[in-house]
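Two complexes follow with chain A in common, the first pairing it with chain B and the second with chain C.
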Partner chain A sequence: MNDTQTSSDKQSSVPATRRRISSPAASLISRAEPALWLTGGSMVLCMVMIISLLSFVFYNGTKTFWPVPIVEATLHDGTVHMGEVTRRGTFIPPASRLDEMPESFRKVVEDNDGEASRKLIRTGNFRVSGEHFNWVADFEVAEGGLKEPEWAVLLERLTWGRFYGTPLKFQIGEEVVADTPEATWEQFKSHHGEVRERRERRRKLEKKGLGKLNHAMEKRRLAIRQTELEFGKDSDEYRKVVEDNRQPLDTLSQKYDALVKEIQALDQENARFVMTMQTASGQDVDIHVSEIVRAYPANRLNAGNKVGIYISRWIEYLTSEPREANSEGGVWPAIFGTVLMTLIMALLVSPIGVLAALYLREYAKPGPIVTVVRIAINNLAGVPSIVFGVFGLGFFCYIMGGTIDEIFFSEKLPSPTFGTGGILWAALTLALLTLPVVIVATEEALAAVPNSMREGSYACGASKWQTIKRIVIPRAMPGVMTGMILSMARGAGEVAPLMLVGAVKLAPELPFDSYAPFLHLERSFMHLGFHIYDLGFQSQNSEAAKPMVYTTTFLLILIIFLLNLTGVGIRAKLKKRFKGSAV
Partner chain B sequence: MNAPISIPETVPDNTNRLAAIAAGEPFTSEIHPELDQEQSCLETRNFNLHYGAKQALFDINFKVPKGKVTALVGPSGCGKSTLLRCVNRINDLIDIVKIDGEMTLEGDSIYAPGVDVIELRKRMGMVFQKPNPFPMSIYENVVYSLRIDGENNKKVLDEVCERSLRGGAIWDEVKDRLHESALGLSGGQQQRLCIARAIAAEPEVLLMDEPCSALDPIATLKIENLLEDLKGQYTVFIVTHNMQQASRASDYTAFMYLGRLIEYGPTPTIFQKPHLQETLDYVTGRFG
Partner chain C sequence: MNLNKIKILTMVSSLAAVVSYGQVQVDPNLPDYKPTQGVSGSLKSIGSDTMNNMMTLWAEGFLAMYPNVQIEIEGKGSSTAPPALIAGTSQFGPMSREMKSKEIDEFEKVNGYKPTPLATSIDMLAVYVHKDNPIAGMSLPQVDAIFSKNRKGGFASDITTWGDLGLEGEFAKAPISLYGRNAASGTYGYFKKVAMFKGDFKSSVKEQPGSSSVVQGVASDKFGIGYSGIGYKTADVNAVPLGAREGGKIISATPENAYTGEYPLARMLFMYVNHKPNSELDPLRREFIKYVFSKQGQEDVVKDGYFPVPAAVAREALKSVNIEPGF
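On to the complex of A and B.
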């Protein structure tokens, strides 16, 4: 206030330009452009927050699979812990323990405000020790008790998680073919491939071979059952069907038995390969080679080996199914479920959203009703997503699904087909959730179509619908794509409603397989977002699941990013058609 | 504006009449007798138009002669575009527009109830102030009015495309890139494309609303030459701001002021010895 006063006082004597510079506030405005600092500062703040979040996820997500050395810690009381150091931290040891620790350590702890440092060691060997992890305080470790033993080997197993130990001997059948760590490791390396190959073959036989036979037999049995229901047990038709099917069914079950034999033979062959490992505490454990997914002597790896293990773990993660309550193995079903669900959702939401927006923008007369509808749509975007989940469960799963079951799948009742959570209902629920995004974006795109183009079209004798179809929609298409991209990003990252309408911790089958109709939209599915929740909060072994949470988060972000990138690519292509040097 | 600059010292004696019009007093248009001999294509009788409460056209009685170029001149905001846009009922798109009076095309009423607006518009072509090519290829732009009629015969379309682009004096420039986007053309080319589009369906009357006002001088010159070519081929009803353009390209000129038709007659008469002082003042650039 005062400032302006003085400057206006000076007005008479001082020329206008000089007067402005003489006032400090004015000079700040004229030189430094505070709006620039304000806007730029906000922008930097946003960038810093986003980039730090992304780099945090990226760093933690990508380091999970990197092999780290195995340490062996011998404590004062003689206990030995062997495993990978996963975390370091400090804690305040109880006074009773302060007394028993060596003088040198006590001093360090006291200097440190009573805080002692410790390591979390992933010791594995759950069946032997009953623990997956152990905290080891530095003061507990005996003098020179921290080593990286050369022949410490990490085993990743199909069941029971990781095993840390030293290879002791290798047996094929009754014969011991190696009894030193080095020779045992060599034996393991030379036999692991064939054993794994046999296991893979067995898995395929079981899944594909037996599955197909089962499916064929089930079909014939159902045919017989249907005839029985229709004509009764002592009708000619029934006898004829039974007679017709006897021969094929016999052949099928013979094939079935043969397959089972083949599988058993493979199992027996595999069971002959056994590696004996010694744990850090000196216990010998026999481990079937067929149980081992991956093994490596962590302290003998060169950089090339490490990269190889890293890549092979990523491949396993991306392509295989989860094991051990999702904390190990891969997430392929979840990737598949996420992408499929998102695509179905986009396919459902875009036509509905675009048509609704077209009505609002092109047909409806602007007025209070349209305004109210628009406000309602915008508010829909603010409804908590769990509400959509509840609605989806009640309306889609129970009412719509239940009705479909009654009409089309009555023979399978009371077990529901569509009347429970499934990928279709999840996609529909999310379509509803993201509808406002599509409508708002499309409306904006439609509003941005110049009126002169509409008038031009009308002047050529086009009807309203022709104008919309040939001029307005093509021209608005990039904007519509923006809406779709936003809705996909929103939908793919949503978890809460999915838990109610079809996402499960572990889906027995993918929603897509080789049996007609191939796409099984009624099936429940796995979803990366739900997988993250499940790993992070529902896991028994949460410490082991934690790195996987980061990796899965990283993967989910990557997938959403890729989906968006596809959308942006399509949009850029569309936009190119409408670009050109105007005037 | 390319009119003499000399501004008379004395206030011209038309101030009173203009003031009377501004005050809303009744006024009768000065229509030259030459027009009576012309066969009419388009006619209006006591045509009034309101934008909401505001009246934009007052008792317009006039006709556009068949096969001639008729220019509509007048100061900004006098209702030229409004009148032109009434002819093909593009004004219907504006909710607040209210119309009374009569308008006929070749004797068929335009505003009678039950008129098929779409069929009506197909009998006319329109070129807008700003070039408005559609977001599609040059070829598709030209044959748009045929496409919406369901014409898909390639031979017919090709023929119409070439004939119209030649008619729009742009064929040579675009014949090698017919299937590229029309939005990649320069402004002048876009406007000639729009003219080609407007004549593609052989309209009975071609409406043009200041087709050069958004263009640079060279593009303007090209369009003006094109207008002279169109003269004699089509009935053209053109709004223009440019006196020179009107005097060069048109057969008849109508002068509008504040929503009234002031004077209407053969172009040479209007520009050299109009009946009313106001018209002379306007065409010589003394006001407007």
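On to the complex of A and C.
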């Protein structure tokens, strides 16, 4: 109802505003009634809050992947830190440290009310130094000790995180093919592509080839186990199954060995390429080229290179799996999990919600019972989401899932199949959570269909159901869509109940793959919202995870925005079809 | 269990020579992990938050060798491990403390035998302060007097400001702001037992949902203090050197002090499994455990900021679940 009123208000006010545009200042003064200022002010306040939040997330989320220069800071005591400056700050150095510093700096600090500045340098090289980040106070840096070395190179690796250093030499097998930074870098550039290709081929062999073989073997082993459970180890049936499976299992294992050989050959070929890097403190470290995901000499980049690196980092982020306990790599499984879970939820919640609303509005006689039901539904919307999570865990996972396991998956017990958190249970829990949104929105939409239309339909001899199907639902469809959009937005952004019913830190296996039955509803999944929580509060290297928190938040907002946009698009289409209808 | 720990730590002390300063080495006697065939299926680990990242690193390393194994990891606190193991919803229960006898009893009631603990790595529980905090060290009774309301450690008076610990300047008057973990956490339990002598926490402790949030809390609060595993240390906080007794030697949180057992808050990180004595483990769990106690698995421990176990401990662990160590 409210919806119709505001929209008609808007329509009437639009031409009015346009007319006044000729003298905006005068009209503003003449119309400066308190109510206008109050309402307008509230709107401005809302916009300011929303825009500042969004732009904060946007700014921090998009700058994460931009390559920044590498600095080298040599301190008075001879230690050298090389890396990217991530943050700056001021602090009041204790008196004992003031004495150490040179006269010139002491003066600067004293002039500055005792405050000195410092910067946080991301030094990487955790394996060598045991630190990811180091604070460097400006007064600690030796005279002229702050440089941007030309050949400082950043390596992003598959394991052990970032490495900052200078290329020293490049080896293929035993042969040293380059021993100056420039030549080494050229060699790296020319060989990295083929090495990476081999790594990808190896990964594919593992994933597709070995994976399939392991899957087939496991299936046969489970069949044997099932027979053992049913008939016992001494039965003829058991012996027969074992005998039947021996030949295929042998063939599988031969194929497996062949594949392993192929993989080993690729590994051996890749292991020949080694780049030696020198850290800022002068240690030489050999790094296999196959370990390197991305490398660039940060201080030699032009704008084009920077954009290239920026884009390639985004692509990696969006399409690859997480590495190093989620602190690096991509979030593809989380994107997939979030979208799939939201869609399953929408599929579950819309029919139930719409049908319930239809009954409430079209069939049920208004009275105390209907009122109580309505109040109950509205109250459901106020139940804290974590309560739904607990309910989902107890009812869906343990009771329903446990029963399903006992009946259908007894051979896998005690490992649960459905009896633990999974994407189906998560979607069901969120469906419950968003049910009131759909019911209330649908009811509003149904109420907005004028009674005259229903009466017209009855007058033509249509039955109640025919009227609902042909007249009421089509007209109410845009409103129903609004409910679905709201429920999807609510569901995709919800995290607390998901932590209990299936969202996990690591589940790189998507709930959708090439093995029958393709959609694996029992699997746990990764969720962007949970990923944000995990990065923000659980990550070991929390300083490095912080920018990723913003980026992931930005991505989640973007995905919800896209889901909503699709919904709004469909709604606009429906509205156009029933132009002139009540809604 | 405590006896066990002492045994382990003494075994370890012989290894201390291998550890070079500031850099941890994996015992060279540990074997390289070599993948075998026919490993497939799904694993689930539910338990400690301290070990959450380590479990993930192990899972990632394991998955690199068995790409179609499904591993799911949940880490909301050590107390969530025993119920999940008992209900069979998880295969591994990582715990940053030992199981309590009540939890073991419940497990035994259902299964008829006790759960098997595997000592996977060594952690030091560090007491963190803001990086600008000049404090040089504390004794455990002092830590107790900061965090506890009943001071079972025997310190004479309550400590509420940094001045009480002898700091000067802006710290002298500043009240100490306390950060801690929630009660489901094994870190909470261990800290309460060892650092607070089983006393009770003050109600002013701000309980955080994860180890990392404790560190971040202290990092953003100049007068804050909190406790977490050493693996979560960042450049924004300092780990305070600790002494076991008032007036005793102050030991800093470095790897060698963890191995010698001198650091008062060194502890083992366990992984519990449901293993029927003398039976064979299924291939999936067997291979995962072998991976954990291989060179790669223990390198992951170092990567996460904790300390690897020596080969002797790994051998014991493998034997306890009926796996032939072979090294």
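Just so we're on the same page, the second predicted complex is superposed on the first by the 516 of 583 C-alpha atoms of A that agree within 3 Å, B and C clash if a C-alpha of one lies under 4 Å from a C-alpha of the other, contacts with A are read in each partner's own complex, and residues count from 1 in each chain.
Rule of thumb we're sticking to: contacts are C-beta pairs under 8 Å (C-beta built on N, C-alpha and C of every residue); 3 or more make two chains touch, one makes a residue touch a chain.
Values in this document were obtained by computation on a predicted structure and should not be read as measured data.
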item: Chain C versus chain B on the shared chain A, clash or fit after superposition; value: fit
item: Partner chain(s) touched by A:277 [first = chain B, second = chain C, both, neither]; value: neither
item: Chain B versus chain C as contact partner of A:466, first or second or both or neither; value: first
item: Touched chain A residues, chain B compared with chain C; value: C
item: First (chain B), second (chain C), both or neither touched by A:256; value: second
item: First, second, both or neither for A:293, with chain B first and chain C second; value: neither
item: Contacts of A:453 with chain B and chain C, given as first, second, both or neither; value: first
item: First (chain B), second (chain C), both or neither touched by A:474; value: first
item: Which superposed partner A:499 touches (first chain B, second chain C, both, neither); value: second
item: Chain B versus chain C as contact partner of A:537, first or second or both or neither; value: second
item: Chain B versus chain C as contact partner of A:131, first or second or both or neither; value: second
item: Three-chain overlay, closest Cα atoms of chain B and chain C, distance in Å; value: 51
item: Overlap of chain C and chain B interfaces on chain A (superposed complexes); value: none
item: Parts of chain A lying in touch with chain B, wherever the complex brings them together; value: 365, 450, 452-463, 466, 470-471, 474-475, 577-583
item: Contact set on chain A toward chain C in their complex; value: 91-92, 94-96, 120, 126-135, 159-160, 203, 206-207, 210-215, 217-218, 221, 253, 256-257, 260, 323-326, 398, 413-416, 419-420, 499, 504-509, 523-524, 536-543
item: Of chain C, residues touching chain A in the complex; value: 22-24, 35, 37-42, 44, 49, 52-54, 56-57, 59-60, 63-76, 87-89, 91, 131-132, 134, 169-170, 208-213, 215-216, 231-232, 234-236, 274, 302-305
item: Residue ranges of chain B in contact with chain A within the complex; value: 88, 90, 93, 95, 118-119, 121-122, 124-126, 128, 130, 132-136, 144-145, 147-149, 181-187, 190, 194, 197-198, 201, 207, 214-216
